Amino acid sequence: MLYRENGQFKTTYAADQQIFPIAQDRWTILGILLIAFIAIPLLVDEYLFRAILIPFLILSLAAIGVNILVGYCGQITLGAGAFMAVGAYAAYNFHIRIEGLPLLVSILLGGLTSALVGIVFGIPSLRVRGLYLAVATLAAQFFTDWVFLRIPWFTDNSSSGSVSVSNLQVMGWQIDNPVSKYLFCLIFLTIFALLAKNMTRCAIGRQWMAIRDMDVAAEVIGIRPLFAKLSAFAVSSFFVGTAGALWGFIHLASWEPAAFSVDRSFQLLFMVIIGGLGTIMGSLFGAAFIVVLPIVLNQFLPALGGVFGIKISTAGVSHAELIIFGGLIVFFLIKEPHGIARLWSTGKEKLRLWPFPH
Amino acid sequence: MNIRKLALSASLCTLALTSLAPTQASAAAKDQYFPVLVYRTGAYAANGAPWANGYIDYLKLVNARGGINGVKIIFEECETGYATDRGVECYERLKGKNGGATVFQPLSTGVTFALTEKAPVDKIPLITAGYGRSESQNGAVFTWNFPLLGTYWVGADVAIQYFAKKLGGVANLKGKKIALVYHDSPYGKEPIPVLEELGKKYGFDVQLLPVAHPGVEQKATWLQIRQHRPDYVLLWGWGVMNSTALREAQSTGYPRDKMMGIWWAGAEPDVKDVAEGAKGYSALALQHGAEPDAKVVKDILSMVYAKGQGTGSKEEVGQVLYMRGLLSSMLGVEGVRKAQERFGKGKVMTGEQVRWGLENLNLDQKTLDAMGFAGVMRPVQTSCLDHMGSSWVRIETWNGNKWEFSTPDWYQADEKFLRPMVMLASGKYAEEKKLKPRTPEECKL
Amino acid sequence: MGFFLETLIGGLMAGMLYSLVALGFVLIYKASGVFNFAQGSMVLFAALAMARFAEWLPHWLGLDSLWLANTIAFVIAGALMFVVAWLIERLVLRYLVNQEGATLLMATLGIAYVLEGIGTSLFGNNIYSIDVGMPKEPVFILDGLFEGGLLINKEDFIAALIAALLVGLLALFFQKTTTGRALRAVADDHQAAQSIGIPLNRIWVIIWFVAGLVALVAGVIWGSKLGVQFSLVTVALRGLPVVILGGLTSIPGAIIGGLIIGVGEKLSEVYLGPMIGGGIEIWFAYQLALVFLLFRPQGLFGEKIIDRV
Amino acid sequence: MSTANILLKVNSIEVIYNHVILVLKGVSFSVPEGGIVALLGGNGAGKTTTLRAVSNLLRGERGEVTKGTIELRDERIEALTPAQLVKRGVIQVMEGRHCFAHLSIEENLLTGTYTRTDGKAAIAETLDKVYTYFPRLKTRRTSQAAYTSGGEQQMCAIGRALMANPRMVLLDEPSMGLAPQIVDEVFTIVKDLNQNEGVTFLLAEQNTNMALRYADFGYILENGRVVMEGAAAELANNEDVKEFYLGLSSAGRKSFRDVKHYRRRKRWLS
């Protein structure tokens, strides 16, 4: 009953083109943002910040990037981890090699470098499609893994290949405690999500979607596949690379190439598919699902076993975690192949009609 | 969705969420809390599990013996899967529980690197017995890392000493070829600087052969070894990589008695399935080998396993990795015991106090004998500036059936050679992090 | 020269094993349009079952013949793979008819996790060996021609023979049977196949079972060579460049692709690796596949991608 | 219509897609043995959904029959799989043809025989018969289906269905995207098959004119409801049908300016 747009009349084009055309949505989003920026930093403890919220924010950002490429432009990628690595190592090199370069600039330059590399690895997409492309992007993954392991220059000649950063600050704001790290990532995510949302609503976004839905047809009506595909690769890699830089700088502070292994790529693809292809909201849902679920299961199962008086061994817990995690993924896909975002919009649809079913 | 379903899922969600929020530190903890990072699943489970069992069994033994001056130990496992981000999550989850963690032992070089940045903030010592970053021996810079008993640089140096001995002196190393087959990760890369330095010093050639995680694909590596016929192969693997290397050596006909493994490549899971095929293969032993006859092992069997409280299977008690876990555990416990001497016997120690204990460890032969470690390890003494303590290495050989010590010799790394490298590397780290190394005066506080 | 030949032979042998993994991908893709990322987990699951039953059976039944124990274990593992195939159809595929490729791919990743979890909790997490009596020691031939002789690995050789035999049998099955044609029809269009009365359910059980058997054979061979352990799941990643190089729908493609990749990666590692630091074989395999793809986007033997608006 | 020879009886079915979208709101009709029945209506009227409900292909589209019954010779068939239905002699030719793109025409036809158990000779005989009805297919037998023309693909799809030796064919939009001449050809063959082989057809068509010319009986669907039914000739002469579906009115062809812009629903529903 509450969720109705009755009485909200659009009198201008601008009003009709808003991101959230329904007033209730606008209030909800505003409320969520307020909670995220003000309530959470006041209420939440350190563990939730470090182990869940910060990884969630950063991986959401990466998932948005992947979603631009996979969900909006239809180019399946299994190399997202590689672009995170490029972003992180590039930002690291800018950070240590150029004295006095502000942190923000380093991170964004990391993203830009990743975008350039993304364009290079996007070139095969002009020729190769679908699953073939997905596997071809794995080439990027394994190649970057190797590069950062083998070429000492990228890791500042560290003997182990592991690098670390410290004393991070932005314009005098020390980013050292969990709250400041959380807010820093949150600001990034908010701005980038808005950016992505708008990008997908304008001409370039429509080009991507045209390419996704039928590239030959899109080409026929005058969309340049070269430009559309490579721009999707560039924008996507920029997002993913920025997320990678944040992952390295803010979350881990010390990392090795294994932090961006092929597992990470799979994880990101998981997020966008579980969350919903072609929706920004879905990337966030997916990231939440994939980040939180294993941790919850890991802690929840022993507790659950305790209720029934069963003591589950650590190995047993991780096996059960794997089984349940895999099972839930399959379950979700069966229940809603279009992802959590679709579930969300179906829910909204029902709410609109409520109390009538159809 | 009907009401029942809704209620059920809501209550499950609440339960899940409450399980997420870690129980906060109770004001006065009564027990000493040891978090245990383990991996019992995944590609490295075969090696991670016995280590973890040894680690926990020793804690159980201490409790059975009445605790640390009466203070009982509680512990909790967390599965990392040998993945850095899972390890970090485990660390964050466990560090604040039960009044705060005593020490962390990640058993992963990658996790160690990540935690090295976090431990100083949380003031929790990291024990990395036989692994971790080699330069963290310098306690002035790495104030919270304790690579007790030995670092990889020690291992590399001793391996070369052993080769020299077999060849009849360091002079004969000249012109020889030594291949390093290593796990392509920070762990595997640790020995490279030392080997290259030593190569320059003695005039031998180092051939680097990386093997990608998890190490099941080594055909090309061993073809190269067959091509270059190095005089010795140094195996720096972990988990399934070790047994694969031995199988490949067998199938390309490289003599196993010219292969030498680091101490993480010298345990039962590495050779058991290759059995006869691995005969003659040697590995460094970080002080101990398989010690089924040690008193501490017998104590564990009688005081823990006999009561049905053993963590793993009985057969594995006393094996190499089990002993390694047990030793690591013992070092942590002794750190607490030492700290109690200063800060109050029978009290629960904080991480900071335990650090003092670890920096002032002095396990002489008498203490070791009393604890049941006679013959397992040699005395160890640490200081504020030396976080490793003395390091002793033996050489064990697989006879097709079990590990045995082929020679009674004990080796020690060449401190005169390694110390400058440690200082250089840790100095670079301090400079990067803008850290001010501790002075001996600060140590006394 | 001798060394070059050795590397070449080593590459061919390794390639044959990759083909075996690739074959699993191709079979399932061909018949159901599902890119089955769970293939690696199926290899692990099958190999674990085989290894553990071969170890347990002598205890349970008092058998002392290794051969008999292995045979029974193989049959049991095969039966398990049938159960797995049936369950996958029953619980997953049935509900995902007509979904997009990405969704199906994700579902197989979910299946992979479940299989890994169940496999390791049932059968354990250590390194187990499968002893099917393969010879381990190397043989040196043509001593006179090359210094030190040519190294031939009997075990590899037998493995390659088995792989080739299996491939031949499967090719026949696909070319000559009605089921084979129905499989291809299903791959093209689930719904149309359904509409003309091809029972998707049965077809899927068949094909997943066949892929399971291929996984079992692959698992036994790899397991006998390297031991059975969790890392076997990564062989799937070695099989991927093979499938895309050979074409997702082509059985001969899997073979040729496997050989090309095997030889390519070993030669590159041995000759190129030392120059640029080593450890290059995995990405080299992928790059090699990519280069081929640029010329033939559907893989060497893949069905032509048909563009009609 | 006497009940004795009714082959298919659909009784007020309701279909919901994705748990929220109600598409059919109580559709009832029946198909007599040996007849050609046409379901007519514009886009989104529910024709395809009705056919899918009968042939049980709804599940793949996340739809389900929530109310009503479907009976084939007095047997309830809602719970059967498509394969079981084909065994009972009911087969659907889907909208948009759906030939197996990578198979040749002949292979396409042969896939239709999967459910048959009467041996190779019988199959070869059916193949010959299909080729006589569709001589075009014979000339293209080895070409890949994807590269044949739309008309050939439609023929291939119908031929493939015939290979199963069906008693009843559900034909969805056979005229879609085809030139009028080809449409004629297809419909003529349908009529021939109906008369010579006794195959019953249930036809969903937008091309009302063409459909009514060949069908015996018609139902008009609008918004998921049957709004009118009657013998084909009767429908073709109905004023409203003429006006709304055939573009004609009593005054002959009208200028577009005079076309009514509303629909007299009351009259439809009365």
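Letters A, B, C and D mark the chains in the order given here, with residues in each chain numbered from 1 onward.
What we mean here is this: a contact is a pair of C-beta atoms (placed from the backbone, for glycine too) under 8 Å apart; a residue touches a chain by one contact, two chains touch by 3 or more.
Predicted model, so just to flag it, every value in this text is computed and none were measured.
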{"item": "B-C compared against A-D, more contacting pairs", "value": "B-C"}
{"item": "Most distant chain from chain B, judged by the mean position of its C-alpha atoms", "value": "D"}
{"item": "Gap in Å, rounded to a whole number, between the CA centres of chain B and chain A", "value": "35"}
{"item": "For chain A paired with chain D, centre-to-centre distance based on mean C-alpha positions, whole Å", "value": "46"}
{"item": "Between chain A and chain C, centroid-to-centroid distance (C-alpha), Å", "value": "32"}
{"item": "Touching two or more other chains - residues of chain B", "value": "40-41, 45, 49, 184, 210"}
{"item": "Per-residue overlap in chain A, given as positions that touch at least 2 other chains", "value": "149-150, 315, 319, 322"}
{"item": "Overlap residues in chain C, where contacts from two or more other chains coincide", "value": "120, 125, 277-279, 282"}
{"item": "Full enumeration of touching chain pairs", "value": "A-B, A-C, A-D, B-C, C-D"}
{"item": "Touching residues (chain side chain D, partner chain A) in the complex", "value": "16, 18-22"}
{"item": "In the complex, chain A residues that touch chain C", "value": "70, 76, 124, 127-132, 134-136, 138-139, 142-143, 145-146, 149-151, 214, 216-217, 220, 262, 266, 269-270, 273-274, 277, 315-316, 319-323, 325-330, 333-334, 337"}
{"item": "Interface residues, chain C side, partner chain A - complex", "value": "35, 91-92, 95-96, 99-103, 105-107, 109-118, 120-121, 125, 237, 240-241, 243-244, 248, 276-280, 282-283, 286-287, 289-290, 293-294, 297-299, 305, 307, 309"}
{"item": "Residues of chain C defined as touching chain D within the complex", "value": "97-98, 178, 181-182, 184-185, 187-201, 249, 303-304, 306, 308"}
{"item": "Contact footprint of chain C on chain B as seen in their complex", "value": "40-43, 45-46, 49, 184, 208-212, 214-217, 219-221, 223-224, 226-227, 239-240, 243-244, 247, 250-253, 269, 272-273, 277"}
